[in-house]
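In what comes next, chain A is part of two complexes: it sits with chain B in the first one and with chain C in the second one.
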Partner chain A sequence: MHSFGYRLNGLLTFSVTILAIMCAIASLSDNLNSRSPSAEIQVMNINWFQKQPQANDEVSLTMNISADLQSLFTWNTKQLFIFVAAEYDTPKNSLNQVSLWDAIIPAKVHAKFWIHTSNKYRFVDQGKYLRGKKFNLTLHWHVMPKTGKMFADKIVLTGYSFPEEYR
Partner chain B sequence: MDWQGQNLVEQIMQIMLLVFAVIAFVAGYVLGSFQMMMIVYAGGVTLTALITVPNWPLFNRHPLNWLDPSEAEKHSKPQVAVSLKKKGTKK
Partner chain C sequence: MGWIGDTLDSVKSIQIRQLLTQAVSLGMIVTSALIIWKGLMCVTGSESPVVVVLSGSMEPGFKRGDILFLHMSKDPIRAGEIVVFNIDGREIPIVHRVIKVHERQDTGEVDVLTKGDNNYGDDRLLYAQGQLYLQRHHIMGRAVGFLPYVGWVTIIMTEKPIIKYILIGALGLLVITSKD
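And now, the complex of A and B:
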């Protein structure tokens, strides 16, 4: 430590190492958070339900999505990425998951919300199996941290189904 | 800086950085603000740098007394040893 440069280098290296350890501990502290999210989705309307020419089924629906995800936020959370997916099975695929809508929630105050929206992304089946089909709507969320590990989880809501005939 | 000063400065630097890291983490966790933790820690690092890095006179209170040049001339220098022949070595 016998020159200005040596001391400065030692200080910067040590301080950055300690910063890395602080960030690791901050990420671990996220595990102490007890989470209690809730959500509800109502399908207000099936706007149209058609077969694409010579091809697959397509449906457009309007949903009312309401959720309270405030308990997922911690001091180390940058934002919450959420999306709604429809899940169902067909003879062709044992599990289909189609993403219908997503959003980024940047702060805790915005995490309690409701939104009335049609599906942001097209709902197209791989085949023609949607008539009368029962499906689940799942709300997934990814808690994106400021530093460290990202957590992802979901709520599954069951009981939705398509009409028997095209409209 | 003299040797004792260097020793002291190294201890001060390590202790101050650790203390500020703990204070910053606790402040950030309690206030629920990551930004607060970063601000307090950055302030702590700057303060530590100001105290330990420049060559303050406080750290020069035990200077080494090098031998006077006139004293050194009175005593004979050690003899240079005869060096062995070295074969050319590849680097």
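And now, the complex of A and C:
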């Protein structure tokens, strides 16, 4: 009962259990954080709006994105993954979400920012339904912890629309 | 070297009844581990409730050797979720983020495009020939929680199976030579 093997076994089991409990408590402490993020997106310009040879609409746009996400960071946060998606519906699809731009915020000081950018990923519809369509721009964030449960949420900004004609 | 002599003595002095008791208790341990695993599969609704991250395509968020807890609910798949999926014909599951969702009006089925955070382009190169999107049946679960570094045990045991045999052999020896 007191051999080296038993002592090592007991020590390892105990330390693994304690580590697991500490990780769980760290994750639970994230719930105590009260969050108050804010964001604003302006579409500065629709660069071009075309129909592809395979008959899908494609658009390229330039945006000003500004946000203050500092209240989302806790001591248990490793990084914040944020992305801007355009959401709209078409006669064919009840919901379309297309991610236009994303970024990783590694620390709280970088969480208040302003960026002028064109869309990082191609905005291609499944079909030819974009002319004159209204769409929402949503800023999503995904809190990736050092350990434990991940949180995700978003801010929806409405009131954007595509031009009536291709250009 | 009295330790080796003691071990050999205890191996020689094993009786049948004691051996059977040991075998039954070993069997109980294995089956209760299996019960826990199957129970987790039911609770999370996913075929593999825990996966190990094998590649660096989601860095710096998930590094190789981290463990992800999965959950699969009937909720629709939305952009930004981290999903684990299997490509037809490949057995290793891939953990990436959803960047595009197209949900049909009539059937409610979804077409989903994924991309690893650390990859430059989307996953169309990984999909099967001619496949442009993933459907719901490809997706095994959503990642909801994460533990760092714990998965290295699985990676080492898969890549160097000799360590697995040594570990199981040592545990077996410990159980057999115990005086209880």
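By our rule, the second predicted complex is superposed on the first by the 161 of 167 C-alpha atoms of A that agree within 3 Å, B and C clash if a C-alpha of one lies under 4 Å from a C-alpha of the other, contacts with A are read in each partner's own complex, and residues count from 1 in each chain.
Everything below uses one rule, namely that contacts are C-beta pairs under 8 Å (C-beta built on N, C-alpha and C of every residue); 3 or more make two chains touch, one makes a residue touch a chain.
Worth saying up front: this structure is predicted, and the values here are computed from it rather than measured.
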| item | value |
| --- | --- |
| Fit-or-clash call for chain B and chain C when the two complexes are aligned on chain A | fit |
| Partner chain in contact with A:G10 - chain B first, chain C second, else both or neither | first |
| Chain A residues touched - chain C or chain B, whichever exceeds | C |
| First, second, both or neither for A:N76, with chain B first and chain C second | first |
| Partner chain in contact with A:H2 - chain B first, chain C second, else both or neither | first |
| Which superposed partner A:M22 touches (first chain B, second chain C, both, neither) | first |
| Contacts of A:K149 with chain B and chain C, given as first, second, both or neither | second |
| Angle at the Cα centre of chain A, taken between the Cα centres of chain B and chain C once the superposition is applied, in steps of 10 degrees | 40 |
| Overlay on shared chain A, then closest C-alpha pair between chain B and chain C (Å) | 8 |
| Contacts on chain A seen with chain B and repeated with chain C across the two complexes | 1, 146 |
| Contact set on chain A toward chain B in their complex | 1-2, 4, 7-8, 10-11, 14-15, 18-19, 21-22, 25-26, 29, 74-76, 146 |
| Touching residues on chain C, where the partner in the complex is chain A | 60-62, 76, 78-82, 97, 99-105, 108, 111, 117, 122, 143-148, 174, 179 |
| Contact set on chain A toward chain C in their complex | 1, 5, 9, 23, 27, 78-79, 81, 83, 85, 89, 91-99, 102, 104, 106, 121, 126, 140, 142, 144-150, 152, 154 |
| Chain B residues within the chain A interface of the complex | 1, 6, 9-10, 13-14, 17-18, 21, 24-25, 28-29, 31-34, 37, 41, 45, 48-49, 52-55 |
